[in-house]
Structures are given as structure tokens and as C-alpha cells.
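Next come two complexes built around subunit A: one with subunit B, the other with subunit C.
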Partner chain A sequence: MAKNKQKTMAKSNAIAGYLFILPFIIGFILFLVVPLVQSFYMSFCAVTSTNGQGLAYDWIGLKNYHDVFFKDPDYVPRLLDELKNMALFVPGTLIFSFFMAILLNQEFKGRALVRAVYFLPVILSSGIMLGLETNNSLLASMSDSIKQDDSMTTITKTLENILLTGEQASKFFEYVINLVNQVYNIAISSGIQIIIFLSGLQTISPSMYEAAQIEGCTAWESFWKITLPMISSLILVNVIYSIVDFCTKSDSQLMTLISDTLYAKFDYGLTTAMSWVYFAIIMVILGILSFIISRWVYYYD
Partner chain B sequence: MKKIKAGRQPNRSLAGDIGVGIVLILFGCFFAFPLVYVINSAFKPLDELFVYPPKLFVRNPTTKNITDMFLLMNKQGIITFTRYAFNSLLITAVGTAGHIMVASMAAYVLAKYRFPGSGPFFKMVTVALMFNGYVLSIPNYLIMSRLGWVDTYLALIIPAFASPMGLFLMKQFMESSIPDVLIEAAKIDGAKEGRIFMTVVMPLVKPAILTLMIFSIQSLWNNVGTTYIYSEELKTLPFALRTLAQGGVARTGVSSASTLFMMILPVACFIFSQSNIVETMASSGIKE
Partner chain C sequence: MTRKERFENFKERNRKSGGYLLRKKIGSVIYRLCRAILIFGLCFLILQPLLHKISLSFMTKEDLFDRTVISVPRHFSTSAIRDSWMLLYKFKPFWTSLSIGLVVALLQVLSATLVGYGFARFKFPLKNFWFACVILMIVVPPQTLVTPMYLNFSHFDIFGIFKALTGKELKLLGSVWAYIAVCAGCAGYKSGLYIYMMRQHFRNEPKELEEAAWVDGCGKLRTFWSILLPGARPMMVSCFLFAFVWWWTDGVYSRLFFAKGYGWYTVSNCLSNVANRLNTEYKKMIGATDQGGTFVPIAYANQITAASTLICLVPLIVIYLVAQKSFVESISQSGIKG
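Coming up: the complex of A and B.
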């Protein structure tokens, strides 16, 4: 009797669950899965538009993929460049946004305003704004003048040169210097990561810190023993988000190449092949990273 | 509120406060720079826009750029400015509301229940995040035309419902911020799934909802939508403004005014929800 009742409850739970998730699944399949499968198929085809309506697909096997690696002169170098930048950018973004989220989580006057300011780039750096900015001759001339300033010999430049001559450590210094050069870009693109960390920090109950404090825990200890474990699941989220965000930025060199192939050459087969190769590489990186990180993620419940 | 304040600050010194302040201000300048630049550019007269090297602050502010924008907009054809704005507002409002509902419902189930296929499904969603729009552009168009949605609002609104990013963020947030005990307690008290979702889960994830809302508003509000929309009266505001802005060098002023104009709604929404986030956060520390 008892067993029977349990079964029906589990069943009704499952039905409710499916009902809840159904709208999303329908949309997901219709607007993502189906197009993806189609595009995967097209990457093995030469896609041409027939002069009436519609497209013609001719199966050409792996030729598009062969072209991506061996025929297109830009793809491989740009891809490597992209990955190298990512290795620099993503850790930088994570550390920066974590640090900023902790600062923004403190109590101080005008906190709402400061937080608002920190989220602004997210709103600014998208869609039409980006289009307007790149179309805009103003910003182009601005970045030129910044570059000119950069070429002047300054103390930091000299210091950079001195540091880079050291043999052992030069790789490390190069990394740090690159990072410092990128500070503006990193800061601008970490708005969402800051918000994600911030919302995570705010779900940590203050009573935990109180209890720790009563037990004689210092702020330093409570950071490592409370804040970091409690927020570790969001670190994984942010790693994934940062990588995705970095890789799908529409102004990166590789993405420009992909969109050029589509809109200028109208070679849809090659475009999809390029995208699938790029996608596969990102997937492998993400898979490895999330495997490593999820091993020390701590779940509270 | 006061109690939390006392608990949050165990032992901070004045020097620490000053240090934190300096760091925040320094980076705050970084973050505010684009905004300050956009606002100032919108009020610069044409000659000042081309000053080299560019100046950040405007010296002789003028509203000519903005009046020009509205003038050109109304001169352009039969379609008035308000119609474009209405289109964009409608798409943004319906799309955002639907997206939040659909994504949170799915996220709730994925975060709190185990059922056959839930794990692989979430993995698929994460994978789907990685795709760029170019891959999907042509197949998506084919689907829209098969559904008969080309040249309707639906083509812009419905795909936004199932955007994977919302589900991804929401699921992660729900997993870490809704105690299972709370749901169990509601169940023991006899609440049905729908009720639990609306009265227990949704209020608890209000901060995440607002974050999602901002994302969604921002992407829908900026949706140019020319791929699916041909009728002039259904076109969106970003499209209209972009057409204006691309009219050559002489339109630089209008272009910077329209950048400012497009910013108003997302920034306003953020400032509104920001104060709300702070409020809900302070009162929702009920882990345990």
C-alpha cells in the first residue's frame, strides 16, 4: 500500500516536471537543435542558392573541412591567435570579476550607484552599440591616438624592456605585461561575471560569517573557508560564461573571418565547417576545464 | 538590515576602507568611460566631433544632434518614429516576459528534480551556448518560413523564449540558492507544483530574474531583426536608427545621438532593478 502510494507520487512528480520543462524543450529543439543538425549536414555540402526559391545542397564529403585547414590562409593562424588570447583573457577576467564582486559586496555609501556603473559596459557593448562604434570614425581616430601615446618611451616601457631581458622569468613577465595592457578590455568585458559572483556572494548567509567570527575566525580565514567554497559552483559558471563570451564576440578576428565567408563569399558550406571546427575545439577546452573545476566545486545542500 | 550590517563587517580598518575606495573609483572610471564618452558625444557639435586628438568632454554643448535625429526620423517615410519604438517595445516586453517564465520553469525542474534525461539535456543546453549566430542563420530562416512566421513579430519573439543562456544561469542560481527543505516543507503543507513554483521558488530567485531580465531586454531591444522582417511598419527601432546613422560622415552627430538614445531603456531598467536587487538580497539570507 505504502509502496504503491509512493510510486504514484513519483509519477505525478515526473509529469509535473515534464510539463514545466516542455515549453523550453519545444523551443530549444525547434530553434537550436534542428538548425544545428541542418547546419552540420550543410557543412558536408556545397550550398548554392537556386535562382528560384531555396537552396541546393550537393554532398561533397569532407572537402569543406579540408579547405578550412589547408586552403584558407587565415583560418589556422587566427584560430591559434584566438586561443592564445583566450588563455590570457579568461583567467584575467575571472580574477578581476571575483575581486570586484567582493569589493562591491561591502557596505559603503553610494553602493547602488557604484554597482550600476560597473554593469554599464554590459549594456553598452552589445548589438547596435557595437555596430555604431565600429562604424564610427571617431573611435577609430581615438584608438589611433592612444596607440601613438603608447609608442613614447616611458618609465614603464623601459621597465618592461628590462624585465623581459631576464631569461627564466621573461615568459611570466610577458604574461603579466600583456595582462596589464589588457586591463581595460578585461574590465569592460567582465560586467556579467561580476553580477554573477555578486549574486552568489549575496546568497551566503551572514549568520555563517557571524558564527565563524564568534569562533575566532579572522576575515582572511573566513574568506578561504566560507566565501570561496560557497561560491565555487559559480566559478565554474563564470569560466564557462567567459569562454563562451570571449569566443562568440562578434568583433574577434576569427568571427570576422567566419562572417565574411558567409556574407561576402556566400559560401555557406565553408562557413558552417569553420564554425563546427571552432566549436569542437572550444568544446574540448570547456570539457577539460569543467572536469577539473567540478572536482573541487562544493555544493552546500 | 542593521543587524546584517553589523555582521558583515567583522574588523575593518580605516586604511582598508580608503584602499577599497581607491580601487573602486579607479576601476569605476574605466567602466564609466564609455558611458561618459557616449553622452558627451551626443551633445557635441559636428566640428567638435572631429577634433583631433578627441576630447572626452563637450565644450559647446548642443542639442542639434538629437533634434536632427527626430527630424530625419519623421521625414524618412510613412512610418513614424513612434511605430518603430512601439515595435521594439512590444518585442522586448513580450520576449522578456516569456523568456523569464519559460527559462525559470525549465530551470526549476532541472535544478531540483532528477528525471530520466535531465542530465544529458542540461549538457546539451550548455553545449548550445557555444554556437555563434552565423551557423544558425540559414537553417533558422528555413524553419521560420516553414512555420509561416517570416515577416511577423513571432519570428523575433518566440526564439527569445528558448534562449539557452537564461536557462543556464537560472539553473545554476536555483541549485545554489533554494534550499530543498523549503520545497519539501511546502509539499508537506499540500502545495501543488505550480503553487510551489510561483510562491516559493520565484520570489527566492528574484535577483536572478532581474539579471535575466536585463540580459533579455538588452538583447531584444538591440535586435535589428532585418533577417525576418520585411514590412517597414514591423521594423524595429535599432534598424531605423542604424539606417540613419549609416548615412555617411555628415550623420556622425545623428549617429552619436542615436547611440545615446538606444542606451536609455537598458540603463533605466538596470537602475530600477538594481535597487530591487539590493533589497531582495538583504532579506533573503534564509539558508537554513
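Coming up: the complex of A and C.
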């Protein structure tokens, strides 16, 4: 009797749970699975519009994918560019936000204000605001014309030239200089990561540091032995968040190319193939990274 | 103790410690100075574009072309603001975005709350699978979905039901109902994130609350409605604010559902179009007829873009100033327990 009762309880719980997440299931199937499957099918087809009556699909196999890689002049270079930028940008964001979180975790006057300023870009620089300065044909031609008379020599420029002429270290310096040039982009896109790291840092109990200090641990050692392991699970979250955020930015070169191809040529097959290639690559990168990092993550409890 | 006495006292203590105290003091002052400079510099870095836009919007034409005027305008003028206001169709986009945004954000939050509660508190088969789907929804770039969604909605029909019933196809693009349906189905812009945040919130609530309610004979829906919902209000408010703010600036879904061709004027659409509109108006004004090439002076176009961006940002800045705490704290709450 008792067993029977328990069973029905579990059952009614399951039913209630499903009812609660029902909106999500419907939305997920209707607005995510259906479009995804459709687009996957579409990427193997030549899609032609039959004068407003609908679309005709002709199966052409892998031709769209072949076109993406071997015919389209812009796609592969931009993809490589994008990945290179990501390799630069994501570690930069992580280091920057971690560093800022440590700074903001200390006591000083006006901390709340600084925290508010850092979070401001999350609100302001999303969506079109970000792309407005680069995405616009008028302003793009404008910035080209400005670049042409950019022959001024500044101290930083000279320094950059000197550093880049060295043979051995030039690759490293190039990386650093690129990073420094990106510092604005990094700063405005790391608002959420800073907050996440900060909340993680605040959960580490001070007694742990105290104990370490009494045992004769220097600040440097306690950073590596306490702070980093305790926060490692949040590093994983932030890596994933930064990559996704980077890839879905509306001013990303590749996204612009994809949506331009869509709205200019109405070549649905090619466009979906492009997005699928990009999507697959992001997924592979995310999978590999989260596999590597999650092996190294330390869980306290 | 006067200043001098304190100094004497410090000197005495320093002498006793063999100079250690002074070294430590100097070290900490230098450290704090460096930190202050660094933090100030980085804050400036973030605020600079905003400040630049503000100063640019209030310049007169002479100031724009004067190389000695860099940040503070010499002659104050609001003509650029007025021009941009005209080019942005005045109140129209703001009303459109506000009315759609309120509905949409409310729907997103309500459905995210329900779903988040479902994920946080119930055990049901395939739960992990469905939660993985939520994560997938967060991870899939909306741009990937735009093309198929575009097609899907321009020929929307579930198994041909509508066609059989009414005899014609349902055109959903350009209608606000399509986006409302998407949001109610938790598939709107960043909906997955809100589900995640709500779930995180409900997981942190004590379980005893519900158990007590259950013992007293309270049904599941009632428990949710009158016990958990009041506590979830702050989190819902911040999700709502996020949803509204991101809807305001979102270009992807706006472009898909509310493209100009359908007669919708949302803030993001109007803003991304403002430079082009300036160009056409300018051509009309000077009576040029040919198609190619741009005529607007570069600095002026830049000024108009800055001013119109500023106009569109003002509501967001106000919201942020009022509700700063609930933005930041909701993220830090959901960050814990990753």
C-alpha cells in the first residue's frame, strides 16, 4: 500500500514538472528544432522561390558546402580571421575580468560606483549599438577615408614598429600588441564575467586565507593554491559564456557576411550551409574546451 | 591628538620596528595609488565613448570642423539633437518599442519563471535532457536560426491546418503575434538565459517552505503561486529589466519580425537606418539626383549618428541608474553554483 502511494506521488510530481516546463518544450520544438532541422535539410538543397507561392527544394547533396569552402571568396578568410580573433579575445577577456574581479573584491572607496560602471556596457553595448559604428555603409566609407591619411607618427606606433622588427620575439609582441589594441573591446564585453568572478570570490571564506597565512603562505602562493582552485568552476562558465558571446556578437565579420548573403542574394541554401559550418565549428570548440577544463576543475564539496 | 603628535608617535614606532613600518606604509600607499590610477583609467575607457557622444551631440557646425575643439564644445547648440530627433521619426519608434517591449519582456519572464520552477523543483524523466536543451538554446547563435525562422514564419503552417481551415496561408512575418508566440514559447532573444537565472533562484530557496505547504494541504499550483512567487519577485524584476533592455537594442529579431517593409518602426530599426536616411534627406535637400556616392559631410554624419544613438540610449541609462542593483545582483546570484 505504502509503495503504491509513493509511486503515484512520484508520478504526479513528474506530471506537474512536465506541465511547468511545457511552454519551453513547445517553444523548443516549434521554434528551435523545426527551424534547425529545416535549415539542415535546406543546406543540402538548391532553394528557389516559386513566385511567392512557397519554396522549391532540389536536393543537390554537398554542393552548398563545397561552394562555401571553395567558391565563396570571403568565407574562409573571414572564418579564419574570426577564429584567430577568438583565440586572442577569449583568453584576454578571461584574464581581464579575473583581474578586475580581484581588484573589485578589495575594499576601497567608490567600489559600488566602479562596479556599476563596469556593468554599464552590458546594458548599453548590446545588439545594434555595438555594430552601429562599423556596420553602416556610410560610416564605413568614412572611416576608410580617415585611415588613408593616418600617417601620423606617435610614440606608441614607433614603439610598436621597434618591437615588431625583432626576430625571435616578434610573434609574442604581435600578440600582446593586438591584445592591447583590443583592450576597449575586451573591457566592454567583460561586464558579466567580472560579476560572475566577483560573486565567486566572495564565497571563498576568509578563514581559508587566514589559515594559509598562519602556516606561512605568501599572498602569491595562496592565490595559486586557494583562489584559483576555488574559482575554477566559474572559469569554465566564463569560458563558455565568452565564446558564445563572441560568436553571436552582431558586429562579427562572419555574421555580417551571412546576413548580407541572405538579404542580398536570397540564396537560402548557401546561407544555411554557411551558418551550419560556423555553428559546427563553435560547437566543436566548445566541446573540446569544456572537456579539457572540466577535467581540471576542482569542486570543493 | 594633533597632526604633529601623531607624526611623532609614528616616528617613534617606526624607529622601534627598525624602519619596517615606514617601508610597509610606503608600499601600501604606492599600491593604492597604482590601483586607483588603473581603476580610474579603465572606468574612463568604458565611459569615454559615451562622453564623446554627449559632447559631439552638442557641438555647432563650426566646432565640428575646428581641429582645436576636441571634447568640450565651444559653442553650445542642440541643433544636432533636434535633427536626429526628426530623422528618428520623433516619438514613433519609442512608442512602438516600448509597447512591444513591455508585452514581450513580461511574457518572457512569466514563461521563464514557470519553466525555471519546473526545472528547479520537480523530478521527472528526461529532466537532464531537457535542461541540456535549455543550454543548447543559450548556445545557439540567434543568427543561425534567422534564415529558417524567416522561411518558417513566412509560410507558417502546422501540418497544413490553417490552409485547410481558411484556404489561405497564414502570413506571420511582420505581425507582432509571431514574436509574442516565440516569446511565450521561451524561444525569444536570450530566453534560455532567463530560464537559467530563474532556475538558479528557485534552487536556492529552502525546500522546507514547500514541504510545509504540502503538509498543510496546499496544491502544487497554489504553492507556486502564493508561496514561491512572492519571493521570486526581485529576480523576476531583474529578468524583466534585462529582457526589456536587450529587446530595445536587439537587431537580430527586430530585423526578422519587424523589418521596415512591414511598417514597424522599432528603435533599433530606426537607429540602424538613421545614417542612410540622413543621406537621402540630404540629397533631397540639395537637389542631387544621382544614386551613388555620399554627399553628407563626414563629420556631420558622425555627429548625427552619435546624437541619435544618445537619444536611443537615454531611456536605458535612466533604467540602469534606477535599477542598477537588481541588474548586478541577479547576475551574481545566478553565477554562484555555476
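The criterion applied here is as follows: the second predicted complex is superposed on the first by the 231 of 301 C-alpha atoms of A that agree within 3 Å, B and C clash if a C-alpha of one lies under 4 Å from a C-alpha of the other, contacts with A are read in each partner's own complex, and residues count from 1 in each chain.
Throughout what follows, contacts are C-beta pairs under 8 Å (C-beta built on N, C-alpha and C of every residue); 3 or more make two chains touch, one makes a residue touch a chain.
Computed from a predicted structure; not experimentally measured.
K.L.:
Contacts for A:L80 in the overlay, against subunit B (first) and subunit C (second): which applies, first, second, both or neither?
P.N.:
In the superposition, A:L80 touches no partner, neither subunit B nor subunit C.
K.L.:
Using the touch definition from the top, say if A:V244 reaches subunit B (first), subunit C (second), both or neither.
P.N.:
After superposition on chain A, A:V244 lies in contact with both partners, subunit B and subunit C.
K.L.:
Check the residue A:V284 against both partner chains and state whether it touches subunit B (first), subunit C (second), both, or neither.
P.N.:
In the superposed model, A:V284 contacts neither subunit B nor subunit C.
K.L.:
On the A-aligned overlay, A:Y299 touches which partner chain: subunit B = first, subunit C = second, or both, or neither?
P.N.:
first
K.L.:
For A:Y209, is the partner it touches subunit B (first), subunit C (second), both, or none of the two (neither)?
P.N.:
In the superposed model, A:Y209 contacts subunit B only, not subunit C.
K.L.:
Of the residues on subunit A, which ones does subunit B touch that subunit C also touches?
P.N.:
In the superposed arrangement, which is not itself an observed complex, subunit A uses residues 13-14, 16-18, 20-21, 23-28, 30-32, 34-36, 38-39, 42, 55, 100, 103, 106, 108, 114-124, 126-129, 131-133, 135-138, 141-142, 145, 183-184, 187-188, 192, 195-196, 199-200, 202-203, 233-234, 237, 240, 244, 247-248, 250, 255, 258-259, 262, 268, 271-272, 275-276, 279, 282-283, 286 for both subunit B and subunit C.
K.L.:
Write out the stretch or stretches of subunit B touching subunit A in their complex.
P.N.:
4-5, 7-12, 17, 20-21, 23-24, 27-28, 30-32, 34-35, 38, 41, 49-50, 52-54, 102-103, 105-106, 108-110, 113, 115, 121, 124-132, 134-140, 142-143, 158-159, 161-162, 164, 167-169, 172-173, 175-177, 179-180, 192-194, 197, 207-208, 211, 214-215, 218-219, 221-224, 238, 241-242, 245-246, 249, 252, 255-256, 258-259, 262-263, 266-267, 270-271, 274-275, 277-278, 281, 284-288
K.L.:
State the interface residues of subunit A toward subunit C in the complex, per the touch definition above.
P.N.:
Counting only subunit A, the residues touching subunit C are 10, 13-21, 23-28, 30-32, 34-36, 38-39, 42, 54-55, 100, 103, 106, 108, 114-124, 126-129, 131-133, 135-139, 141-142, 145-146, 183-184, 187-188, 192, 195-196, 198-200, 202-203, 233-234, 236-237, 240, 244, 247-248, 250, 255, 258-259, 262, 268, 271-272, 275-276, 278-279, 282-283, 286.
K.L.:
Per the contact definition, I'd like the list of subunit C residues that touch subunit A in the complex.
P.N.:
Subunit C reaches subunit A through residues 32, 35-36, 38-39, 42-43, 45-47, 50, 111, 114-115, 117-119, 121-125, 127, 130, 133-134, 136-152, 155, 182, 184-187, 191, 195, 220, 224, 245-246, 248-252, 255, 268, 271-272, 275-276, 278-279, 294, 296, 298, 301-302, 305, 309, 312-313, 316-317, 319-320, 324, 327-328, 331-333, 335-336, 338.
K.L.:
Enumerate the contact residues on subunit A facing subunit B in the complex.
P.N.:
Touching subunit B from subunit A are residues 13-14, 16-18, 20-21, 23-28, 30-36, 38-39, 42, 47, 55, 100, 103-104, 106-108, 111-112, 114-129, 131-133, 135-138, 141-142, 145, 183-184, 187-188, 191-192, 195-196, 199-200, 202-210, 213, 218-219, 222, 233-234, 237, 240-241, 244, 247-248, 250, 255, 258-259, 262, 268, 271-272, 275-276, 279, 282-283, 286, 299-301.
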